[in-house]
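Here chain A shows up in two complexes: once beside chain B, once beside chain C.
On to the complex of A and B.
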């Protein structure tokens, strides 16, 4: 199978007979800069430079089956939080970081519920840029994201690598948690539950329309949803069920009806939440785990129904040996071979900046023995 | 149910206004402030800590309970000062240099406070020297370091070395935590303790110096 076939086979949760059929996806946003000898500032300000770094990295370790569809220049923007940028707010070769502060008032829930989230979010996005943008500049920035995305898609396609998605967004629940800031948002869930729910309801229909609109002309009929605050390290299963899940389910089902598969980026511990995911249509979703969720237990819950990606931990990639990485990967590979497929061998979230190249090589080689 | 038990129960449910009213009522009834703190507020936070550690409750329940505790403690402050009440010890807490993440660190702070510790919160991006300075100036018994990035984890080792260089290592215990940190790493840098959640961190701190 080529990479496109492997990825589709995996997402459709079909059994596999051979380790070569397991797609491999080391999520490498910032790490290629280190491999190529470029600074973080270089790759975060210039998508061409990032693609150059990516190519140098792939030349060393081999081409993966899957790759992210946006470079760091745009991921920083798309996160929707104030960024501490390499060469500006942090050192030129330090990783970018996101600075979460309360940028939203309780009244904003009402505004979102009444007037829609997009108008609010675009206003908000303008204010968090360095320097703040005008609406016209923001529009140009969105166009740049689209152009960069097309460029990345073209590069990956020319090497037979599959972009993980054609469009990406965040569930409104998770996005609100970040713009309002985690602690304040949690208080709002207790103090103003109806306002929060109304904002989520209105915003969700907009996100669905926006994602499907973006995918209309994309050859990649997959949408990533970055659910960074719906895990059990952030909220309780009860809060998940009451606030987050209804909208998440609505999004994934709407995508499914439109022929779009979802890539659910599920950072943190999702174990208590996973049984709810069985309510989703079979093969509708790839669940990306970051090493915090027990992947074996997750696989037992979801196997044969939804695919998972995971979860070689960042700590292992940074501080362990290639043998230890190989052993970790082998355990995951055997899980998929003895189970029912549906595994993308991936990094737990992102390959860290201080990953040892030989560890990445060990991960890549583990499905190519 | 005694009023102190009522305070504890209301706190566990995150009922901030109720906790405030009950604390005021307890003060009006002449119950000493240290007793209200220990048998009402901190007793409630103890239950929250155990239930959180045992995965019976989750972060939001801890946050609203801590918010209720702080509301009650605010009322007690002048009375505690009058009574000459002292904390169980001081902890210098911070996210290490190069790392700007603070959600986990803030949760740990709440759990430390819920155990009756005074927390010197140094914030994020904290240099090893700042931890040393806090220990020297504030007489802290524990230095607690947080990191969320594998690239900033080594700074925790620099904190240990800076404390050694300042001749303070024997006087303080060093605790480390954060998503990528584990026991093996903690041992490799010479930290005294690693815990994988905020409630266990507070328990461990009590074990170390409480």
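On to the complex of A and C.
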């Protein structure tokens, strides 16, 4: 199977015969700069430079099956939080930092519910840029994201590497948690539940339309949803079920009906939430785990129904030996071989800046023995 | 070099407590470095930066918290090699997972550094009932890995026996202190906290 076939086979949760059928995906946003000898400022300000760093890294360790579809220049923007940028607010070779502050008021929920989230979000995005942008400049920035994405897709395609998604967004619940700030948002869940629910409802229908619109002309019929605040370390399963899950389910089911598979980036501990995911259509979703969720238990819950990606920990990549990385990967590979497939061998979230190259090599080689 | 990880939710009085601890340490003639982790949360507290005798080091954990533990270990080891202060105090964000960080130190730090690791969580007594009702997962996560818990702001709201039992259940084996850090001198705060570290070690030994 080529990478495209492997990824589709995995997403469809079909059994696999050998390790070569398992797609490998080390998520490498900031690390390639370190491998190529470029500063973080270099790769965060210039997508061409990031692609050059990516190519140098791939030349050293081999091409993966999957790669992220956006570079750091756009990921910083797409996070929708005020950023501290390399070479500006942090040192030129430090990784970018997200700076979460309360940027919305309770009244904004009403505005979002009444007038839609996009108009509010675009206004908000203008204010958090360095320097703040006009709506026209923001429109140009969105166009740049699209152009960069096309460029990255072209580069990856020319090497047979599959972009993980054709479009990405955050579930409205998680996005509100960050723009309102975690503490204020959690208070709102108790003090103003109806306002929050109304904003989520209105915003969710917009996100669905926006993602499907973006994918209309994309060859990659997959959408990533970055659920960074829906895990059991942030909220209780009861809050998840009442506020986050209904909208998440609606999004994934809508995508599925439109022939789009979802990549659910599930940061934190999702174990208590995973049984709810069985309500989703079979093969509709790839669940990305970052090492906090017990991946073996997760696999047992989702086995044969939804695929998972994970979860070589960042600390293992930084501090252990290639043999230890190989052993960790082998354990995951055996889980998939003895189970029912449906595994993308991936990093637990992102490859860290202090990763040892030989450890990345060990991870890549583990499915290519 | 002794290492103290200090966690607690936003508004718990963690920054005030750390400020007192830093000065309490320097008043003993000891040197101290503060590592501030601002990724994913509220940002550097300007009140703590640039104060005499206190080295402040930012911690860059990347855009995601999964990278925090690795960056922290690396930063601590670098500080020990380059400055070797008597104490390193780490101010964690309200969303950091103390138990996970401890586990990374247990797995990857040199044994002698792990033996010098202390963990302290600040519980906000003034808002305890509200916080524990609304943010139980976050509170549980913060207290689970602490070997000392400071119940702060007890002048505003003394802890009830039920609250004390709740905190003991969330942080089994931890030494629990009650104080109002804002109204105590640095020496008073440092004396109480350092005694807790000693008694905590004695208990585990």
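Everything below uses one rule, namely that the second predicted complex is superposed on the first by the 369 of 369 C-alpha atoms of A that agree within 3 Å, B and C clash if a C-alpha of one lies under 4 Å from a C-alpha of the other, contacts with A are read in each partner's own complex, and residues count from 1 in each chain.
One rule holds for everything that comes next: contacts are C-beta pairs under 8 Å (C-beta built on N, C-alpha and C of every residue); 3 or more make two chains touch, one makes a residue touch a chain.
Because the structure is a prediction, the values reported are computed rather than measured.
Following the overlay on chain A, a clash is recorded for the pair chain B and chain C.
Once the two complexes are laid over each other on the shared chain, residue contacts for A:303 go to neither chain B nor chain C.
By the document's definition of touching, of the two partners only chain C reaches A:350; chain B does not. In the superposition on chain A, A:233 contacts both chain B and chain C.
Residue contacts after overlaying the shared chain place A:79 against chain C, while chain B stays out of touching range.
Of the two partner chains, chain C is the only one that A:101 touches; chain B does not reach it. Within the superposed three-chain arrangement, the count of touched residues of chain A is higher for C, of the candidates chain B and chain C.
Annotation: chain A residues 90, 94-95, 97-100, 182-183, 186-187, 189-190, 232-236, 292, 313-315, 318-319, 352-354 touch chain B in one complex and chain C in the other. On the side of chain A, the complex with chain C involves touching residues 29-30, 75-76, 79, 90, 94-101, 181-183, 186-187, 189-190, 232-236, 267, 290-292, 313-315, 318-320, 348-350, 352-354.
On the chain A side of its complex with chain B, the touching residues are 84, 90, 94-95, 97-100, 182-183, 186-187, 189-190, 232-237, 239, 292, 313-315, 317-319, 352-354.
Within the complex formed with chain A, the residues of chain C that make contact are 9-11, 38-43, 58, 60-67, 69-71, 73-74, 94-95, 97, 100, 104, 107-108, 133-138, 141. Of all residues in chain B, only 14, 57-61, 63-64, 67, 98-101, 103, 106, 149-151, 153, 179-182, 185 touch chain A in the complex they form.
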